[in-house]
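Consider the two complexes below, in which chain A is the common component and chain B and chain C are the respective partners.
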Partner chain A sequence: MKLAVWGALARGVVLESIRRKDLWVVAILGFVIMLSAGALGFFGAQGLQVFVKDLAVTVLGLFSTIVAILTTCRLMPEEVKNRTLYPLLSRPIDRFDLLFGKLIGAVLVSWIAFLALAALTSIALLNFGVRFDLLMAQYVLGKMMGLVVVCAVSFTLSLFMTPSAAATLSVILAFGSTMIVRGLVMGYEQASPAIQPLFKFLNAILPQYGLFDLGGRTANIDWGPVPAWVLGALLAYMVTYSGAMLAIGWAKFRKQAI
Partner chain B sequence: MALAIECRDLTIRYRQKSGAFVEAVRDLSFSVKPGEVVGFLGPNGAGKSSTLKALMGFVQPIAGLCRVFGEPAGGVSAKRRIGYLPEVALYYPFLTPLETLTLYGQLQGLRGRQLRSEAHDLLDLLGISHVAGKQNRTLSKGMLQRVGIAQSLLGSPDLLVLDEITSGLDPVGRRELRTLLKSRRDEGTTLFFSSHELAEVEMLCDRILVIHRGRLVEERLVSTLKDQLRRHSITYSGRVSMVGLTDELTEIAPGTVTAVFETKEALLVAIERVQGSGQILDIVSREGSLEDYFVDTIQGAA
Partner chain C sequence: MKQVGLIVSGTCGLAIATGWTATGWQTTLATTGQPAGLDAHESHASASLLGQFRTTFSGWLWLRTDLYLHNGVEMRRLTEQEVAGDHRGSSSIDNHDHALHDDSLITTVIPSAEQDFRGIFGDIERATSAYKDMTQHTHNDPVSALPLFRLMTWVDPSFLPGWTTGAAIIARDRSDRSLEKALGLLREGLAKNPRSIALDGEIGYLLAARRRDFRQAVHHLDRARIQSLERAALSDDEFEALPQIYRWLSLSYRERGMLAEMYAVLREGVERFPEDAVLQRLLESPPTPLLDSAGVDPPARR
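Moving on, here comes the complex of A and B:
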């Protein structure tokens, strides 16, 4: 029963996103990737595998994250603004089901965008003799898990603030998290023992997007795949962090007047 | 048997942007029996939509209780038996009416062939099957209202809660909707709706509730009210006594008087008296205006 409800809600989100032409950015970017690959090949960039792979994973990471944030941040605010929430919530479902189904839809949209781009990029990389190997597969898997966390954070933020504010904060967290975490570590090392727990706490509550990014490892020719337990740990972190985000969102939304 | 709707001492409060609280509904108590058709009337801002939202669990009352068929309002068990039409809803602009009904039907618990056949039947019933494959954003306001009505009927609910039912519908659409709602009523569905269209209320309702500034100010049976509002008058010449029948006498010309009566019985007695010693010039029996009643009630409560 619950699965059918979540499935119906997620399907609605995906259909709307596709028809709204949100994913055109993917098509345009895919075209740019293929064009760039052709141009690099034409100018004799063969052999620059590290550069090309680095560029590819950077572009992939950047655009799939932006699609995920923009899709997710407006989902619930638009439901409220357009009052489509009323007929939804008049159905025999509870508010948690609504949030969860919508979040699944947002994740699916970001996965579709990412996988489409990843497929095009893989084809383009073939031009440079780069084959889709196990490490690349691990990169894709890691990125997909990272996108779940990105969506969960953006989704929850959008329940507390305006869509633009939620998108801005999500972008800062998504692209600045590595820098913020580095700053926290430095701060921790410099701080007095009394203050150090604060840095630990801040580090713990911030989304650790950097953990999911195997892009640097993928770009490096000499590095091999990560052990399976790493992916298992990432999965556990994804489930825990996204679950916590959803719980916070639900705590806000479950009694909210609409 | 549990009441279809039971609200007791319901109080709903909103927080404004300034931080101040405003009470939209205060100590509101009423009930609706299964199978009844009840109109919920009141001027703009009276608290009608807030009450309907409390019934659906969209807002949490700060005091009092709301039950639907004995279940707490807003709970999954209660919502399973309700079809709801919001006052304004856009529905998903990039989905088609068929996809919209399929989505809501799945959330309602309908599946497979049953869902498909019910969705198509409702599209036919509401006269929108020809636009079943067009995206909602391309539909007119009236068509969207029909999509909204169709979604509220999914799963054949025992209680229909309709907020401003005729909004956006043309006269033909209104008549069709009236027929549809009457057929649902005849099948035993309870109807509870708010409307500004007093004609609709008069034609559909068994009972009306009038709310003003969040409080219930009148509760009347429509049949009794219509009798009370009906006005009878006779215009006659000659010297005829109307003692005991009415005090409302107006001399419209020398020797010509118009007398107004509250009941048909009084009018009949008056006719007999005039026939005995005067001459009847005109007899008028006129339906009273629900609009006048509504305005008088609201002004009286203000």
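Moving on, here comes the complex of A and C:
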């Protein structure tokens, strides 16, 4: 029963995204990728395979994250603004189902966008003679799990603030959290023992997007596939962190006067 | 209401007074010459948006080249505290990329398990990222990075390290063909940067040390020396290259039997770089069999 509700809500998000021509953005970005690849081809890609792969994973990560954030941040605020939330809540679904169904929809849109971009990038890479291996499949899997966390964080933030503010904060977290974590790691040894627990706390609450990015291994040569336990740990982290985000969002939304 | 009017007029008055006297602050705020940390390449590009893009792109490619030589393992410089705390850098056993950095002063961005407080998060990051223990590490063959140097110089012809490091990598292969290729690349760079001390110096070095064409070497090295004297300010890279230029210029003069010129160049070099032990040694006891036959007095007796 619940599955049918979540499925219907998620389907609505995907259809709405298609109706709003959001995925056209993906098509345009894909066109940019192909154009850039063509330009590199013009200069001659002999010996540039590592660079081309590095560029591809960087662009993929950048574009798919932006699409995920922009799609997710406006979902709930628009439902409220357009007053379409009332007919939804008048049906026999509770508020948690609504949030969960919408989040699944946002994740699906992000995955569709990412996979479409990945397919276009693969064509460009094939053109440069890049060979595909198991590590690349793991990269795609890791990125898809990372996008779930990006969507969960953006979705929760959008329940607490305006869509613009949520999008801005999400972008800062998405592209800055790795840098902040590295700063914490570097500064930990030099920090006084009294401050060190704060470092650990900040590290624990920050979304660890960097863990899901296998781009560095994928782009360079002779790196083997990641062990299965690592993918399992990433899956567990994705479920835990996204669940926590959803719980925080639900705690806010369930008592929110509409 | 009257107070508000007073505040508004006071603020406006202060703003006008500030603007009126602004020209007097120019010498304090806008220092003359090139700001520290910016080299000619950056100031070149600041003229246009395209130039800025080119500079940023070539700088980014430069950093990526370093990354690819370490096969994707991200490295960083040791902090001052780490150096003071006897932290050892990830020294390498080949240091192919000495032009890019000093291996004894760098370490991995992702720390080893012993130095990482993050527990399983750290373990996962070490497994998913391009990470390995880089103590006594090796590098990928720099030849694999050559297309990137080519790309750098295509995108931004004023990016001098692209020309010089690219040529140095080509010249590592001791064949004549590689030497000609390296010289060709440097000459192409010189055509696009005719006032470059680094490019003239590098061409002179290859001609003297590898081709033993001392006449042509003197032409390039002396031009680099004269340019360095004429310039009001030199970039750090150019300044660091100068002692080498003086050494090779003096040796080229020696090989051509022009000992008076050799001593003149060495004296000038020692005057400009008094800390340089090699120049000092060359001046005090020039290792040359030509000394006696040329009949030129050594400097100590002059």
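Operating definition for what follows: the second predicted complex is superposed on the first by the 257 of 258 C-alpha atoms of A that agree within 3 Å, B and C clash if a C-alpha of one lies under 4 Å from a C-alpha of the other, contacts with A are read in each partner's own complex, and residues count from 1 in each chain.
We adopt the following convention: a residue touches a chain if its C-beta (ideal position, glycine included) is under 8 Å from a C-beta of that chain, and two chains touch if they have at least 3 such contacts.
Quick caveat, the model's predicted, so the values are computed rather than measured.
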| item | value |
| --- | --- |
| Three-chain arrangement built on chain A, chain B and chain C clash or fit | fit |
| First, second, both or neither for A:Q208, with chain B first and chain C second | second |
| Partner chain in contact with A:N220 - chain B first, chain C second, else both or neither | second |
| Which superposed partner A:F160 touches (first chain B, second chain C, both, neither) | neither |
| Partner chain(s) touched by A:F199 [first = chain B, second = chain C, both, neither] | second |
| Which partner, chain B or chain C, touches more chain A residues | C |
| First (chain B), second (chain C), both or neither touched by A:V50 | second |
| First (chain B), second (chain C), both or neither touched by A:E189 | second |
| Contacts of A:F31 with chain B and chain C, given as first, second, both or neither | neither |
| Arrangement angle, chain B at one end, chain C at the other, chain A at the vertex (C-alpha, nearest 10°) | 140 |
| Overlay on chain A, chain C to chain B nearest C-alpha distance, Å | 26 |
| Common interface residues of chain A - those touching chain B in one complex and chain C in the other | none |
| Residues of chain A that touch chain B when the two form their complex | 1, 4-5, 7-9, 11-12, 15-16, 19-20, 82-84, 86-94, 255, 257-258 |
| Interface residues, chain C side, partner chain A - complex | 64, 68, 71-72, 74, 79, 81, 109-111, 115-118, 120-122, 124-125, 127-130, 140, 144, 146-148, 151, 154 |
| Complex contact set, residues of chain B against chain A | 14, 53, 56-60, 76-77, 79-80, 82-84, 86, 88-95, 99, 102-104, 106-109, 111, 135, 148, 151-152 |
| In the complex, chain A residues that touch chain C | 43-48, 50-51, 54, 142, 181-182, 185-186, 188-190, 196, 199-200, 203, 208, 210-214, 216-217, 219-223, 226-227, 230, 233-234, 237 |
